[in-house]
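Note that the chains are named A, B, C and D in the order they appear, and that numbering of residues resets to 1 at the start of each chain.
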């Protein structure tokens, strides 16, 4: 398939939105290969995701945004435009667990994740060999309560310098300050090792064990100021039994964490997720 | 929500399809609440399912089809038009197992299935009390090899008389003649008690037990001339272990069968399924 | 298979437990068809579930308990003895939702649940026709804040009169007083319409919708004094999306609720569940 | 937990088996931490898996087998004895796909798989860097129809030299000769990229796509002379839709393959699997 453009449009519902967007593409000789339109019954929000082939499209790539803008403005639509062959720059944050990091770097290497992994950031030096095996720069910023603010500032500078557009917290065990979070709204994805909203905070597998649940879960969500409270992108669960110790739950959980995080990252990178309040709309 | 119209359109891909359909609705003051457009990469087939509110639509309900026909013809599209408040007439065929029959009638009673259950047909009298409990007519047509053709003719006459548009085989253990099948192309839904294409034919749970599979399945599909070979609408599986006897597999399987059949019937009734060759496109 | 005896033994771990229990059976010419022994690493609790054929067993059925008692006493074991052909007497409590009631009565009719359904109790008259269809007595006890205590006393008298050993709350929307709960410790099974401990209390599907979870769940648990807090017997989940309204979640949830409740009831009736603190041990 | 001994015993059923085995352990002051006994209703085969603490056990480790042998002989039992701190030697065979190899080596590194990965064998040089990253020897044996027999002989010599007890085919795309297979009966584990017995042989994802299934699967099984026909150890499935191309099925399938293979290998290494005819008994 040739390169495609994807437009993700949302706003308050009104008549003619689908037609106007489709006409914009059709009148410029675009061929729509996929389009999905949904109106949320609760909020009246409309969402459209439309993808068309660039080959033969009469507007040149750099001019598409400017051409579409007046139409969007007239209808008070919020929108994003993406091209399938342009890759977002991603930073992966880790602490000491390696399973999610390996998983993301392997998927990236196999072509599953359309992005550039610009760098890996950690508060520990332990996972440097993993990053090096995949030829990705690795930066260490040790964090203490006293240095957190200062170190975050240095991290932000580094992220900016690399043009990072998405931060993936691949079992990064530090909590960010609200100031840091505010810099990457709906562009920082965390994996929490429970089926949220059950077992918020530290030690979710221990909590799950003590409550005696029969399924454990993992949840991938955008980071907001409130811990483990951001819009959920993806979740999954796995069966456990009384034979499983807390260590078994952690082992089984690792398989969940890496798959759920990877799915969320992939959905985000393909511009299939729109966060709205505490919910997400996911166009699969 | 007020009543809606749903159009299901398919055909060979060409530029402008989405725009033309959306314009048809917009120009007549329709408000699209949901639309989904897909192009199948293998076949080049496009499929669009679009739903809009009838309230305020400028074309009166009986004239919509005639108004849309020229547009469709020009683009060589196959299409269907449905209204959310019109209910299809359904016949349920059963033999002696009652779990799928109860399940469908209960779902219908709870409003899950938008249809009229016109009648229940069986080759045995056993399930009459179930049909009567739900106040649905029950007709018995005993079948032997010698009488099959004749009985099918009588069944067809009865179905026609009731205006039946969809036949659901809810564990009906007779095989139909090709002549019967040809009368309800992609309008006869069967539930097979295995994960097709594994374990075609009789005694799938016994076959599954002997093969030692770790999951059993159920498959809902449109009936074609070839046994258990029609386009698959829905499938699901359940975990089993060496502790499960063939009887246990049958018991567990009943839970699969009723859920998988009900989902397929619901998808069909909501005009979300398009069969094409041996595959289906399901717009959820 | 001929009738079997099942012994469920638990207590503080010590050497020789498995051997002594197995010897007791072997020396009396019993043939063990299934046995499962587990030591809980956290608590040091041992649990054994052993099942043997009664045919050829040298101790007559009424004397088995008395013969085993001294052995159990010496080892400080708690134990239960059950015979596969003796059926527990069960009361089902319902309000107005019919899906779990139908489900349990259908499974009972098909032989899935080894019990006698002694009666159905409700705070509303609505589901009488369902009970009558399955020929089960139906008793109505309307409940208000003012009459709850008095009505519970009458219910308890009725349960006692019917020799009820297990109460199944099949979407019974009243909360019991602690006094009532204390009468059926670990013998009252509830179905809660969420993945506990997420969404405790009223309106879990609304809560789930608002939190934007990607899976909904159902949880079957023993009832304790604290709402939705008792030991969990079984849980399961189902995928949902942003397209699902609260009504869709309720509809999908019904399929979860009935299956999860039925599994828990079956496990309890087959003496496969031991509650210990807030956890259960389930011997499948 | 201290080291434990695990005995896996099977044979034709007879009275007293559980008692005799338990007594053997108890009389020698062993403490059973887990025991599971099952009689297969179809075949009359009994299976017992029992694990006890070695600490305090009166028979020294090297003499346990000789002490148990007479008892086993008298009862015509087949048996195996394993110690939790002794690790099997494993060879992993690969071709060019790296996902299962990475997965196994990562799980091994994290302590999930109790074994020694003695070497990686391949018919291609491509995955040498992966093996080297984990410091495992990598041997290449190019295979053609003409050289297969000779190369297999060299592989067997190498495996013998390394004392390999288990072969894991981690997407190794060569078929072995019956002579090779006969050398590792029930000790060679393959991952097949379909839900067997559906889609035997080459290109299962293509086959699945063309049949239009709604779930894809993966199957881990012991290798026998007949292709994809050996006893199944583990299976799992994943949902797909008409939007998924054959490439998407392959991508989704990779997640299944690695998890299903890893589970089977783990079960085998923990002596939880007994193959009997075309079925396996799995003691989880």
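One rule holds in what follows: a residue touches a chain if its C-beta (ideal position, glycine included) is under 8 Å from a C-beta of that chain, and two chains touch if they have at least 3 such contacts.
Here the structure is a predicted model, which means the values were calculated and not measured.
Chains that touch both subunit C and subunit D: A, B. Compared on C-beta pairs in contact, B-C and B-D come out with B-D as the pair having more. With chains reduced to the mean position of their C-alpha atoms, the one farthest from subunit C is A. Each chain gets a centre from the mean of its Cα atoms; for subunit B and subunit C, those two points are 37 Å apart. Rounded to whole angstrom units, the spacing between the C-alpha centres of subunit B and subunit D is 42.
Residue positions of subunit A with contacts to 2 or more other chains are 38, 41, 243, 284. Across the complex, subunit C is touched by residues 1, 13, 15-20, 22-23, 25-27, 29-39, 41, 50 of subunit D. Put simply, subunit C touches subunit A in their complex at residues 38, 40-42, 195-199, 210-215, 217, 231-237, 241-243, 245, 278-282, 284. Those residues of subunit D that touch subunit A in the complex are listed here as 98-99, 102, 106, 110, 112, 133, 243, 251, 254-255, 259, 284.
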